[in-house]
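Below you'll find the structures, each written out as structure tokens.
Across the two complexes that follow, subunit A remains constant while its partner is subunit B and subsequently subunit C.
Right after this comes the complex of A and B.
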């Protein structure tokens, strides 16, 4: 299933009507209406060799109107269709949160949480093979921050292109990545870096910035803000593709951070329908690894029950099926410990930039 | 009816005033917060007991006013028999004076230690005299007197005695009979689980025949708390008879005292006259076992011989003591009391049959309420009572609590983490132990001491109300599922059809076949409403056929049929199948159609009937109803016919006096009321089939 970018308005509306059509056809036949979509779990993602990322497989789930919950979902899908059709016709966009509030007026089709509406918007993307941007829906979450000697051009609200160098034209908080990083909004102009480093936590990002690591190591620093937003993953993908720079991912050492890496490198389970747009298959996991906890004798915490369960789940996650990951996960289970990025501060504030990262980077052939 | 003169004549005296002064912590006066509760408790318990003994419907008012410092003024007033002028000092100034100390029957205060404590506490802490106004029915005026206590001489000091016309300060009318006490003491008023308010609320639950009110005022006269618990039944607790002690429960000391005071000349008559459960034959067996000659004079029995008798009591087969000395609240009244005090959705109550432990008759009652306004957070509320007296302290160490905790509540639908401790959820459980001799863990009388037989009875009662709860919850979830389906086909599906047709500019499809596919079942939905104006319970039962075939059913509904409770409107012409179980034969239901049975029941009070059990006769499954078990129904009919025949026979032999007595107390005779016991089996059986 591949999503074709740049769909015309009519194509989007037609795709959405396909959803309504499935329901109507069934009712006309005297059977309960349904909505068919791929199973969205780790059991139904597989490696697409052609694209080099993980995509949904062939398993389908049929949501039918024989139970109240799924019948409501069907009704909501119709309401979204109507709403999106209206926006497309009027040339408007709205945030997912706005749509959630607008659903207050949808009577029995209203959402009870925003998570529900976000998920259903994703469902519709998958079924219609459109992007939510095609629907005029955008996230309110902002993307990441970038600091380093790279230059973008962004089209501002007035419609003018603005040139921004992410080292010289920004403050300490860096360049804020907009929610839309497609070519109509953002161009990659030039760079003078050797690699891009994505960092999980704000604390570590700020530490590297304060220590001037971006200049010293000639890199662009990207703050992921936990599980990275679509635009964050997309801009890393574009930097990797267009500038051909290695992407290194620097996170905590715990099962959730492994998933952050997997969503960057292989595609997230929730967005596997657009993995080829978001995933950067060239991304490399830099640390902190379970080995590092032992090698650097880092302060660590015991794994919680949830942590242990997450590790077990990851062992059977196809994205972690490589030998290196299996080893890391098993080692972590063995020592029963996890560690934060900032545990490196045990050896002083400069340890991460003076010792840890240089050692890790030279092991990868990126020494400076 | 016992007059109040006779009532106080029986009082005997034991001198322990000084003991009290030194041990007031045993008696509930150990903290300032507790003292006011204890004081209210002693006054209210006395009022309730006096009213009960003289067959008066109690009206009790409690007024608490905060004064300067940590002083509190307490005023209690009742409409009881009053105390004759000459007895006032005795009642308020002596310990262990109660007529109840020597008689064996169920009363609230068990050892007569009580209101004297309040007088003494007031005197010791606030130097306050206790002012008493008492009016008895036969006097034209009331007596006013101020009391203190001489703790050395164990008697009251009386002052300011005068006669006066007592006018009620609320109504202004002359008071016919009653008692009013005013005193000032050091105390602290607090709210919450251990408060005067909670004590009175609990008291009102187990005394549905009493009207109780509470007003608490702050120093500036502003009302800070109030409570009003109106009477929900005119029926007084059953008059209890006194019984003689049973040999199984007697200790050596008591036996020796009885022997000393005996006027009988022969041991056989001594045993038969002074004990319950002892026949002539049993008396002979006891004496033989103890090696005592039948003709011996009781007063001459030596201590070691008495000891032999005590062991012989345990060896010989004896009749159980009579149990009419107990006064259970009775399950229906518990239900009323609980629904008055707690707003809930569901109530299940049980009064177990009386049992005997160590020669002491006892009876267990349990009530459980669920849902409604009850908080779903935290442990359930446990309401403990011993002889209608609320127990508010030492919950954890109390047998009543332990028995509750021993039930696996998870099986009955309450959260019970680890199967230990008090279960959690939106529920409250009431446990009432009625006994001629409640054994407490200490003098404070706040926790019932361990006893295997009592424990087991409570556990069994808990299981019974637990089953009721389980059925209720199961029904709730069935009902919820049915509601969801109805919402689905009546609201969501038509909207899906409308919206999709609109978007696609197509015609709306016919939904009837779709609905049949989705539902594919027969549904039954019942509703029970209360019409407060007409005092009618309104029941409607609707049966929907959402299958593709025509269906025919007979619907049976259970309702609380009893004397004075009857079906008024019955449009579809239901007929009786058994007592409290009526049947309606429905016309053939075509696919997609529905029928509603509607009937009203008069003679009930609000909350008395909260759930309709619906059964059906016919093919297939009806969601929301239970298939009737014909075999059990037959048995039920037979038991009923038998009971009716027995009753008729009994009535022929009974005197008119007995008959009117029966009508007055309206006490349900287990033999004539088989429905309550047999009906649950119909349901249990259904469950077992699953």
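Right after this comes the complex of A and C.
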């Protein structure tokens, strides 16, 4: 039950027809239609140690039309397949929010909440083994921004391929990553960098850009914008795989930032069905670490109750089971502190690029 | 007490020295140093009917060094002037967050909260009649995205001017507006559009882009990203002024979205000292209106308690004093409903560009 590649338009439409077929075949036999799904509770999501990502287990659940709630879900699934097939044929895409409103015309299949439509879109990914991007369903959130000497070709809305170098062809705000970064939409053309650095905050991204760190350290800078969008995780995965570049993750030192790293490297529970497609196992956490708070005497804040609870949960999270993470988390618990990336400014605007990053990178064997 | 143009580096440094001079001159006379500011409470901010924007009144407050709190503020103001002068000399910029951390080295002048440093940066704008952008102080928030046949030149971090057409030279995510859009950083080169449309949500912006509305209706599309950043408001003002283009604002129909419009057209209380610089009096509210909810039978939600309170406040807000706004707000109160831009998708993905916007635009005399 994993999805690890994008499908052609014909394959997507065939997969969607499969959903209708399962229902039709059963109705033709005079039995209630069904849709078979993996159980989407935490108990059926496991950490696959061999692959190093979250994956669904084998438990299945069958939705059939004998209960009103399930019958509605089946009806909605059919409406979505029709809607998506129409979009594919017309070369359109839609936000999840638009689909929610479009369901106004679906009679008994109308969604009552946005959450219902989002979840059903994920269900359909699982059942059809297609991606939401294959369906042309977009989130509202913005994708990442990239600056550095890497060149992409993006197919624009007119169908033309445009070549964009993320150092020379963009303004200071960088290249905006589109929601779909698959081969039909985006090609990785060429690069002249040694690694990719993913950065949590806009302030730090802009700092590294202003200081010319991308050129000095020969890297591509990616602004994650907090918890990264699927397209952001996917484009990093593609750069890691196709260009064989290390991905270094530079975030605040707090439990929520650790989860940003983990979702990049190992996937997240919510996207367990596409972990193998989104996760970049080769991603490495660069900092800020609890060690750094002490070593650089960084301005820090006390851990809140929620922070402390999150750290406790992380100690037993398989994504943080290595000795290194266990030590870092325990050290944070001991000192009771967290710190932001931008706290490095305590030593001036250039400290991060003149001192902190060179020291961290050379410790990782990536000195320049 | 208004700021309406950017200053040269020398003028900025001179203005900063003025802050130090006021203090120095008094100390040389053996009296405590002072800094004179307009009173920054609501009672001293009035709506200037002639100019159509918020402005500070004449009440002044004098901070002097005879109380510990005020003395700290004066000390901080001197540290900031030194820090900003250094940045101007080095061609650097910094986030407000970085400045907060840099104050770690300012001894008794160290900020205890981010709010203190943000407020003092605004105080210094007022005292020096310079802009935060003149100081090189940046917010964390991202600027707008623009798509359409308009061409800017942006001076990049290497000092080179890059020409970017927002239709042909950008990917689907558009041109990312930098934090500083003044003439030293950004030039408006040429355009072939009839108006500018500012859009609240990313989903609707992407819809108009995908549907090619910018070309069909000959307009530039601006994604506001919620409450617009200063750079977003300023670039719209520049397009309105330099290119003489109408600015149409397209948002959700709810009281918070009305405030987005008002901050574009008339300024906001928080930026009362730079209203004349940021506000675009020629901006027009296009929709969604309460009328639209009824006329198009749009999916809507009930007003919450907070929504209702906000509407009551808006009825007496001078920015909504026109007969049209009063009617629209009263109609919303009557029907007790609000609606999102994307609710137009009830009638399909193309309804907004095939029906809604053409009808609204031709009612405004902007038919195409």
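Rule of thumb we're sticking to: the second predicted complex is superposed on the first by the 261 of 368 C-alpha atoms of A that agree within 3 Å, B and C clash if a C-alpha of one lies under 4 Å from a C-alpha of the other, contacts with A are read in each partner's own complex, and residues count from 1 in each chain.
Here is the rule we go by: a residue touches a chain if its C-beta (ideal position, glycine included) is under 8 Å from a C-beta of that chain, and two chains touch if they have at least 3 such contacts.
Since the model is a prediction, treat every value here as computed from it, not as a measurement.
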{"item": "First (subunit B), second (subunit C), both or neither touched by A:331", "value": "neither"}
{"item": "Subunit B versus subunit C as contact partner of A:210, first or second or both or neither", "value": "second"}
{"item": "Winner by number of subunit A residues touched, once subunit B and subunit C are compared", "value": "C"}
{"item": "Touched partner set for A:81, first subunit B, second subunit C, both or neither", "value": "first"}
{"item": "First (subunit B), second (subunit C), both or neither touched by A:39", "value": "neither"}
{"item": "Subunit B versus subunit C as contact partner of A:93, first or second or both or neither", "value": "second"}
{"item": "Subunit B versus subunit C as contact partner of A:51, first or second or both or neither", "value": "neither"}
{"item": "First, second, both or neither for A:23, with subunit B first and subunit C second", "value": "first"}
{"item": "Subunit B versus subunit C as contact partner of A:31, first or second or both or neither", "value": "first"}
{"item": "Contact residues common to both interfaces of subunit A (with subunit B and with subunit C)", "value": "none"}
{"item": "Contact footprint of subunit B on subunit A as seen in their complex", "value": "17, 20-21, 23-24, 27-28, 30-33, 65-68, 71-72, 74-75, 78-79, 81-82, 85, 107-109"}
{"item": "Residues of subunit B defined as touching subunit A within the complex", "value": "484-485, 487-488, 491-493, 495-497, 499-504, 506, 509-511, 513-514, 517-518"}
{"item": "Parts of subunit C lying in touch with subunit A, wherever the complex brings them together", "value": "87, 92-95, 97-99, 101-102, 104-105, 138, 140-143, 145, 154, 156-157, 162, 164, 169-179, 201-203, 206-207, 209-210, 212, 225, 299, 340, 342-346, 348-349"}
